[in-house]
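Everything below concerns the one structure shown next.
Each chain carries a letter (A, B, C and D) given by its place in the written order, and its residues are counted from 1.
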Amino acid sequence: MTEALATTARLLITCPDRPGIVAAVTGFLYAHGANINTLDQHTTDPEGGTFFMRLEFQTPHLDLSRPALEHAFAEVVAERFAMDWRIAYAADRKKTAVLVSRHEHGLMDLLWRWVRGELYTDISMVISNHPDWREAVESFGVPFHHIPVDSASKEEAEQQMLELLDGQADLVILARYMQILSPDFVAAFPQRIINIHHSFLPAFAGADPYRQAAERGVKLIGATAHYVTAELDAGPIIEQDVIRVSHRHTTADLKALGRDIERQVLSRAVKWHLEDKIIPFANQTVVFT
Amino acid sequence: MTEALATTARLLITCPDRPGIVAAVTGFLYAHGANINTLDQHTTDPEGGTFFMRLEFQTPHLDLSRPALEHAFAEVVAERFAMDWRIAYAADRKKTAVLVSRHEHGLMDLLWRWVRGELYTDISMVISNHPDWREAVESFGVPFHHIPVDSASKEEAEQQMLELLDGQADLVILARYMQILSPDFVAAFPQRIINIHHSFLPAFAGADPYRQAAERGVKLIGATAHYVTAELDAGPIIEQDVIRVSHRHTTADLKALGRDIERQVLSRAVKWHLEDKIIPFANQTVVFT
Amino acid sequence: MTEALATTARLLITCPDRPGIVAAVTGFLYAHGANINTLDQHTTDPEGGTFFMRLEFQTPHLDLSRPALEHAFAEVVAERFAMDWRIAYAADRKKTAVLVSRHEHGLMDLLWRWVRGELYTDISMVISNHPDWREAVESFGVPFHHIPVDSASKEEAEQQMLELLDGQADLVILARYMQILSPDFVAAFPQRIINIHHSFLPAFAGADPYRQAAERGVKLIGATAHYVTAELDAGPIIEQDVIRVSHRHTTADLKALGRDIERQVLSRAVKWHLEDKIIPFANQTVVFT
Amino acid sequence: MTEALATTARLLITCPDRPGIVAAVTGFLYAHGANINTLDQHTTDPEGGTFFMRLEFQTPHLDLSRPALEHAFAEVVAERFAMDWRIAYAADRKKTAVLVSRHEHGLMDLLWRWVRGELYTDISMVISNHPDWREAVESFGVPFHHIPVDSASKEEAEQQMLELLDGQADLVILARYMQILSPDFVAAFPQRIINIHHSFLPAFAGADPYRQAAERGVKLIGATAHYVTAELDAGPIIEQDVIRVSHRHTTADLKALGRDIERQVLSRAVKWHLEDKIIPFANQTVVFT
């Protein structure tokens, strides 16, 4: 970790928009010795809309401890503006678990970026309903758990996973995990499960989107990273991208081209989540890139 | 028209794939003095699939008249391979009619490209259910017909349009024409009506796709040009494109950004149609660009 | 003009970065009744770098007149932080002049967007060294001046243009104006001349970039909008975009494809300039889109 | 290898364009039992230009052995049209060597795609002037050779490499190999060395292109895969791509974003080379994708 990262804090705010918010927040931080590096804000409507803000600041010259700063912020600023807020410290590395089935390209891309230092996280484990990727995963020094799932064992399998993940997953990544998670499982990780779906949602939700795309004869195929909610493929979209295709491409070609898009879309979404750049709102996301 | 275009012919073929097609077609053309400029071919499967071919050739040294050439081709080649085929001569300029409602950006872009010589066609008329664009259209020397439509008058309006279009429209372009055409009207112009839909189909079919896109929180918006069939927004896709958007964009912003994509997607599809580069097949298109 | 635009002001700031700037600026505006809609900031380096900020705020509830507000800001905030700053009021519509030679696609696209209300400016005149586009320009109600240029008359022609432009051009757009402007002319409009160059700069600066691109065999062609400086094609870049090409495209094809990219890149750059979203810095631009 | 690939042959032709080429080639192949899967052709000018063709055909029903077929083609067709031609058999897997320096992302991406079966080749070795990637490379079962290079040892190092590569490299990939190869070395692998350059050539040739890009303030950065010739970064371009950047991106950010573009551009170029889809011509390439 660079020195800068060791002392970086991120303040994320959602509140009703009204005059004076930016002045109050930046004035508070300045008064307590925080040095703001970046500030992004967004409002759905200056009159009666919702206001979002993300600040990244340096902590070395703070005149308060972390808890005291948070306590003061709550009392002096947050309450006055009815803020939903949190401060994340970059030094508190998030724990990430990856779930995968047979298609490993997303998983391997994440592991590869992680060892290169592109993703600042601790990958605590990989869980799969297939045994295939044990050796590949363990070669990165990451624990691998094989938890088979069939219709009879599904509830038990989820229970096993929840036990493994307990305290070990600030973020759960579904890198082509092809089992549908129960609403209870999803509820255990609110806005903390990221799925990569291999289509440009809302087109081709559900099974086998590349085959659907080939049948519909679309001229672009895409991928979508989104937070998982109880409704399949319907959660807040974080990132999407597409690539041009033509009549020359078979379903197999679409899958091969799509893998590259999936890898990039997933890795961007994960990186933004780890860097606290995403604020989910209603069924959408504000992404301060 | 350049001299080359005056003597350009295009042969389009669809047939069951089997060995010897290319040799038979090119051998026939060579034997009769046709000089092939471009040849594109595609097969859905070399074993039992469907074969598509487009040849562009020069006619000055043909040893047969056009009718004789076509007759000979039918007898010598087409019958043997059970071909669905046609020859289009570039000099036979296609007639195009444009239908539009309140949003004129697609219409104006087509007219502007047309006067610049980018679209090789005769624009025979513009029909609108609103009177707004008469002056703009007539300034291009193109006849404008205002045919109002309401639920009571719809059948009569379509009848009026059919009379106007009779013999005047090898191609009908729906440049944001917001009335749904009856199956009978559509059947009068099989694979000859191109619609621009302001979304990345099959996402956001139907009304108000930019609002739908804003509500779903997608990170890219798009446009789709397709042949019109009896089922709304479900015909063979010719061309699609997208542009990146974010939480910062309101529905109004999406509309403004989308206009540029719509203009480009529609003009490409129209140009390809006019140049006989598209072969519809099942509910898809083979586009030899 | 919408009511919101009538009361919109934009504050642009460049200064050495140090703690407290955002708090001071937003605190000042809040104290005087300005309601901030959007705030963007950027720093080249929090330690000793240069800081940039753009705020858009509403003026209806200001407790000071415009001059008094500006005076107070200078005294209370700007001096303390050694700011280079300006406030632009959206209601003060900028005057724009367009210079063009033989290729009119950029000019026509600007005029077309302008009449649609997409570009909030007064187009005061079009100047061309060719007489060709007089009728097209005048049909938009815009004055057209034909000022021929040859090597002997160049100085005199520029003098004529400067007289016409005097007080009539907050922005000068070179929409494919193929004469090289003298350093004196350029100096009369610092950071107020936007040129569209038909390549992806710094590749293919100078004459005939599409021919250069065809000869080099590049797989993408592009366009670049930049502020004009004394050095040809070397000023601060505002916007760029590209489109994919292949061996199939002749130089003529590249020109046709390039026109669409040029139109979009130029119109984006002009729109951003008119909305005070660009801060030039050294030989670069900060663009707060 | 799929059964289809085992029996796939590819015929590549370059010759002066004149009537009858396609008929002669396809007639010849049909007569000898070759079943054509795909046919692509291109001409720089139907009158006196250069003609390019690529055919992919199936060999199971050939009535001649490979040598006899080639002999017959030379006599019956190639000589008549003054063709430069070759037939490649997919079953004859090409041997590939990769050269790399400190930046391993291109190398690792190639190895990863290779083990997945995306690149149909035998990777015979990796050579590096640094020892760093030995373990990573050997874990893929690929031999690794460390050949240090400094100004004094350069000639000797190239000699060592040539000995290692002798008979082992139908293709040499420079995956961020930062030593300039001598004209003699390059001449040993005509049109068989592919380099990935980390800019959109011809912009930012030479050293440190991301720093150059940051200094010039471009709004897109790119990567270029090209065949290596004696002149640095000036050989025929195979593939290019770009990604959007802004003032927010430091040189370090450009490098991180650029890595993804480099990986994709390089892997596409390598795949096309391995599938005999590229015909170099003058200083350009015809790529039949």
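The criterion applied here is as follows: a residue touches a chain if its C-beta (ideal position, glycine included) is under 8 Å from a C-beta of that chain, and two chains touch if they have at least 3 such contacts.
Remember, predicted model here, so these are calculated numbers, not experimental data.
S.K.: Tell me, please, which chain's centre (mean of its C-alpha atoms) is farthest from the centre of subunit C?
M.R.: D
S.K.: Taking contacts as defined above, which has more of them, C-D or A-D?
M.R.: C-D
S.K.: Please work out the Cα centroid separation of subunit A and subunit D, and write it as a whole number of Å.
M.R.: Chain centroid spacing, subunit A to subunit D, equals 37 Å.
S.K.: Averaging over Cα atoms per chain, report the distance between subunit C and subunit D in Å.
M.R.: Whole-Å distance between the two chain centres: 42.
S.K.: At which residue positions does subunit A touch at least two other chains?
M.R.: none
S.K.: Should the pattern of chain-chain touching be classed as line, ring, star, complete or other?
M.R.: Graph shape, chains as nodes and touching pairs as edges: complete.
S.K.: Please give the residue numbers of subunit C that touch subunit B in the complex, ascending.
M.R.: Going through subunit C, the ones touching subunit B are 105, 108, 112, 116, 118, 139, 256, 260, 264.
S.K.: For a test of understanding, state which residues of subunit A touch subunit C in their complex under the given definition.
M.R.: 19-20, 22-23, 26-27, 29-31, 35-41, 43, 46, 58, 244
S.K.: Any idea which subunit B residues touch subunit A in the complex?
M.R.: Within the complex, subunit B contacts subunit A at residues 42, 200-204, 216-220, 222, 236-242, 246-248, 283-287.
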